[in-house]
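The structures come next, written out as structure tokens.
In the two assemblies presented below, subunit A is common to both, partnered first by subunit B and then by subunit C.
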Partner chain A sequence: MEANSISSRPSRAQNRTHDLRLYVAGSSPRSLRAVQNVKRICENELAGKYSLEVVDIYQDPRRATEDQVIAIPTLINIKQAPGVLRRLIGDLSDTSVLRKGLGLLEAGPA
Partner chain B sequence: MTQAYDKENELIATEQYKIGDLLSRLWEAEETIRAIYSGEADAVVVNSPSGPRVYTLEGADHPYRVMVEQMHESTVTLDPKRLILYSNPQFAALIGAASESVAGSDFERFLAPADASLFAGLIEAAVAGGHSSGELHLRGANAATIPVRLSVTPLDVAGMQNLCVIASDLREQRRNETILKEERLSRLILEQAAEAIVVIDQQGVIVRRSESANLLARKPVLMEPFDGAFHLTASGIRLDTDRILTAMRVGEEITGVEAQMAHSGGATSALLVSASPLSSQGNELLGCVITLTDITERKRAEEALASQAEELARSNSDLQQFAYSASHDLREPLRQLAVFTELLQSRYQDKLAAEAGLLIEHAVSSAHRMEGLLKDLLAYTQAADAPQGPAAYTDANEVCRKTVATFEAKIAQSGARIDCDPLPVLAIHEVHLTQLFQNLIGNALKYCGLEPPHVHISAERSDGLWKLTVADNGIGIDPAYKNQVFGIFQRLHGGGKYSGSGIGLAICQKIVQRYGGRIWVESELGRGSRFMFTLPEKKNEAR
Partner chain C sequence: MKEKSRPRLSKALTGISGLDEITLGGLPRGRPTLICGGAGCGKTLFGLEFLVRGATKFGEPGVCISFEESGHDLAMNVASLGFDLEKLQRTKKLVIDHIYIDKSEIAETGEYDLEGLFIRLDAAINSIGAKRVLLDTPEALFAGLSDVGVLRSELRRLFGWLKEKGVTAVITGERGVGTLTRHGLEEYVSDCVILLDHRVQNDAVTRRLRILKYRGSTHGTNEYPFLIDEHGISVLPVTSLGLTHGASKERISTGIAGLDDMLSGQGYFRGSSILATGAAGTGKTTMGAHFVDAACQRGESAILFAFEESPQQLIRNMRSIGLDLGRWVKKGLLHIEAARPTAFGLEMHLVRMHHLLAEYKANVVVIDPISALLPGGSAHDVHALVLRIVDFLKQSGATGFFTSVAVEDDMQSTALSISSLVDTWILLRNIEVNGERNRVLYVLKSRGMAHSNQIREFLLTPHGVQLRDVYLGPGGVLTGSARVAREAEERRELLRQRQSEKDRQLSVKVALRSLDAKIAELQAEKEARENQLIAAIGENEQQKAALLAERDSLRRSRGMIDSSGRSPRPNGRESKP
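Up next is the complex of A and B:
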């Protein structure tokens, strides 16, 4: 379905370095901000190399327990390299934490 | 030694990797705890015995959240760059996308491209005026176009200037409008139909009717049982809704069945009845449409016409019979009259005065002339009688050649010239065409002037008919008499100069008319005559 292949997964799987899943809680302010922050960093620094799923735990609570998510918002880096963080909690306004979590610190200044 | 050393190095590397992993997990754990402590988390998920439950830390928005998730409308929250930050399940369902793929996408992706500028205008208006709404199209799965009404409201939440967009699905409404429009149209058509049309349901109750149905039943029939409103009989058997609906159920057609309708006063109407089934999508019979065409008037007119035609045929045949027997039966006494007069003449010639002999001569010649007239009349009454057999086709060239041959002596004597163009094959019996040529060529040779006769026979085709022309250079006919010449015993010249009874052209006209053709003459005195007649061409003839 063409309409489903959205801008956050623009590339084929082999080119991707980051498969991300963001757990949010409806339209709470931190959730909204988390979506915006993750999207901004990814488009700026990982364009064409990432996929992003946004899961609303109100709509799909089962998935939260599958991924052992206990606090919302949580960003999970599924395709995890050694030494790269698996999950981050919060609205991710602290860009340096988000960049470190995505293993992007080496690529440029914080 | 080396082996032990290698093993030690390997152990160290493994441990170092473990330490790195532990450090990263420690950082993750510390970060998690810090985030929760510092209030960066909105909600906590707890595995309860009854399944996972979400504990929202800020509980006041709970009723609104439930409302947003449960309401019928689709809604999304957009950031100023039109990135979808939140979508309720209805929006994902509306555009046919997986719900986790909607948030984090640009809204334009789900907007019909043609409506992009309209959407931009809606946002501008909302930002400027606090609210805006308009109808446009979303793009769903498989590029389906979805008509929606979008309401856009700026939403400032915790320092973010977002937009709340509510999309109302208009598909159902559009469909309803279409159906209503169609229903209104078909009702208009039905009500104004000239024929009596009724729609009955499964119980045989009339649920729709045309105005004419009321007139036919002589009362309002809506919501009445059909059988009560229209008492129909076809071939002596009652034609009721039971029979009609049963026929519909077994797929039997009712088309133009003749039926009688009994009115309450005892009068009857003749009807043509047709019925078509109305079925649900599940193919269940819901009822049927019955058309009743009142043919009472038409039937009466047809019967009147038929009886008139019959009467006409009878009187025509009576007349024919009379003319035949008159001409046939009168000949016998007439011949005896002639015979006895001749006997009188031969036996008593010397005993009678000279004047008496002259009178007897006149009587004999009159009797002979009358016999000739009767013979012609007989020929005329029989002229157009069809020979037995199917429709015949006759080669006119052949008939013309034979006919000319019969005039051989006369042609030789008068020095006549006869030119005959190539002629067609005509849909006419040979005997009739022979009579036509015999009379027309005969006349052309007979009514000649001082010049030797010159006869020209030609043919041309127009409007599916053949027109044959027999032209001569003879004495011609005064145009004033050009219709009269085709009458019975019509002669324009005294008995002396030209022989004949004047039946020939009447016979020609009778024959031509029998084949649906026409005969006429163009002429002027002293300028010759052109006799023309039309006949149907041979069918299937290559054009």
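Up next is the complex of A and C:
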């Protein structure tokens, strides 16, 4: 599973505000889009404050069961912050929903 | 994992008691089956029993994808039915995956599919080599996810995928308004659809099952009652499709000598079904009691289901006609099971009968009256009920005696609905005439034996039921005091006949005697004539002799005769007299 996880930017746990896990299905276009979308926003706004693990359910179906994943792609907030939704499903193409889901609403462009 | 091409539809036994009979072998193998019904109708239990029986009886492991209850809750719920889901999971015969979606913690952004569900299902199936799958109920997805378009296409894909995978699947769905399932799952599952429901009828709940559709197979199309008890689900087929029960040649007494005579002198066939119909007070219960009494006298075990009287009341009443049922109860040969028909639903009554029959190993079962089970029930209901009871009694080899209350005007419709089900049908009637009401009975039919075509009056005497001959008068059958009067008249008639017989004999004798006298007289006359004849002949001879003597003396005197006395007779002429 480590092979599938991407820790984009090494950061120490105590500094992090977001621990994210993204479930994808292989390299489907939708999955690739989701990875791009979450990476872009994290790099732009959460640099150094997040970790992102990408799990391919084809490689590791058991984890989908453990995390109650059925929809693909699913982004899970492991570390719960106030006002942060636990799950986002879809290719994360709706940036405003994604930002809201990550608790980034007030930081976004007006 | 392509579905193999099969010339004939292969079926997977469910192991659910009764269901495999009406589906003629179970659910379509390798295809999905939809089970739909309202809340609490037993869908989940149906699915779980399908998995459990598959795992325990047929060596087919199963996967349960539960969208509503956790594995633990499911295990708790079915533990009372003797299903140990946890043990099955430990022994790799069952996998339960609880899929849980909390809409409040989910936001949707952009496109998605349900590949996660497929992967989880696939992983579960592969982990134990499952052959059976239960999805209970995928409609819960509609509550958790908002993109209906995606859900629909994904469900369609899911059912296709299940077929491709070759697993026998059961999918449950909650009944919607005007549709089989709320979200139209029936659109995707087209091979087999089974509908469950439970209805309150006269304050009692009856669960029913119906096969709406079974592509490529014949199946029972009726509504079948089913029940859920400590043995799981039991579907009660309206009729066993095989009709394979054996037929005994043994005959057993009806307990009433006159009635035995009417049934070619030997009574009913063992294992047959007897129906006694009649209006109130025609003596139906009494006939049942006689039958039970006769069985106990033979040392057989009997059960009497009484729906109108308590055991004590029944025993007291039967004592008044000389039947002591109490001693059989004490001996343990007779069990009287009394309950108000409204105490349970129809299905519970049937189950109780099943259980008691097994418990007491009864040879004879009396249900008094069977019609009480369906107050106001239609002829069709009675038909279905009798058929089911008849079937299970026959399968267990017990002889069934049922009474049924029938309004006399209604006899024809009863005839239509029941006649084909029972082997022997006895009709009891009241005949009202001359200010009296009298009981008569006749055997309407009795399969496989010669039986009387007579209408017989019967009396309830202190020594039980006794049958009387029935006299036909100008106004029809004579019963009661009209019969008694007729009997007296007949005795008088007999007496008269005897008297005139004597008279006739006497007169003939007199005539004979006078003839004898005449004969004697004639005889005497005859003798007299004979004597006269003899006398006449004698006289003639004498005259002849005298004539000869005269002639001789004449010749002698002429010297024509020698001393020898012979004439020389020169010619014959002279010698002629």
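FYI, the second predicted complex is superposed on the first by the 101 of 110 C-alpha atoms of A that agree within 3 Å, B and C clash if a C-alpha of one lies under 4 Å from a C-alpha of the other, contacts with A are read in each partner's own complex, and residues count from 1 in each chain.
Convention: a contact is a pair of C-beta atoms (placed from the backbone, for glycine too) under 8 Å apart; a residue touches a chain by one contact, two chains touch by 3 or more.
Everything numeric in this text was worked out from a predicted model, so none of it was measured.
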Subunit B versus subunit C as contact partner of A:61, first or second or both or neither: both
Chain touching more of subunit A, residue-wise (subunit B, subunit C): B
Which superposed partner A:98 touches (first subunit B, second subunit C, both, neither): second
Contacts of A:22 with subunit B and subunit C, given as first, second, both or neither: first
Touching both subunit B and subunit C, residues of subunit A: 25, 28, 30, 33, 57-58, 61-62, 64-65, 69-73, 85-91, 97
Residue ranges of subunit B in contact with subunit A within the complex: 17, 20-21, 24-25, 27-28, 31-32, 35-36, 40-47, 51-54, 56, 58, 61, 65, 68-69, 77, 79, 83, 85-86, 89, 95-106, 109-110, 139-143, 157-158, 160, 162
Subunit A residues touching subunit B - in the complex, by the definition given at the top: 1-4, 6-9, 21-22, 24-33, 35-36, 38-39, 52-62, 64-65, 69-73, 82-91, 97
Contacting residues of subunit C [partner subunit A, same complex]: 97, 99-101, 105-117, 119-120, 122-124, 141, 145
Subunit C-touching residues of subunit A, taken from the complex the two chains share: 23, 25, 28, 30, 33-34, 37, 57-58, 61-62, 64-65, 68-74, 85-94, 97-98, 100-101
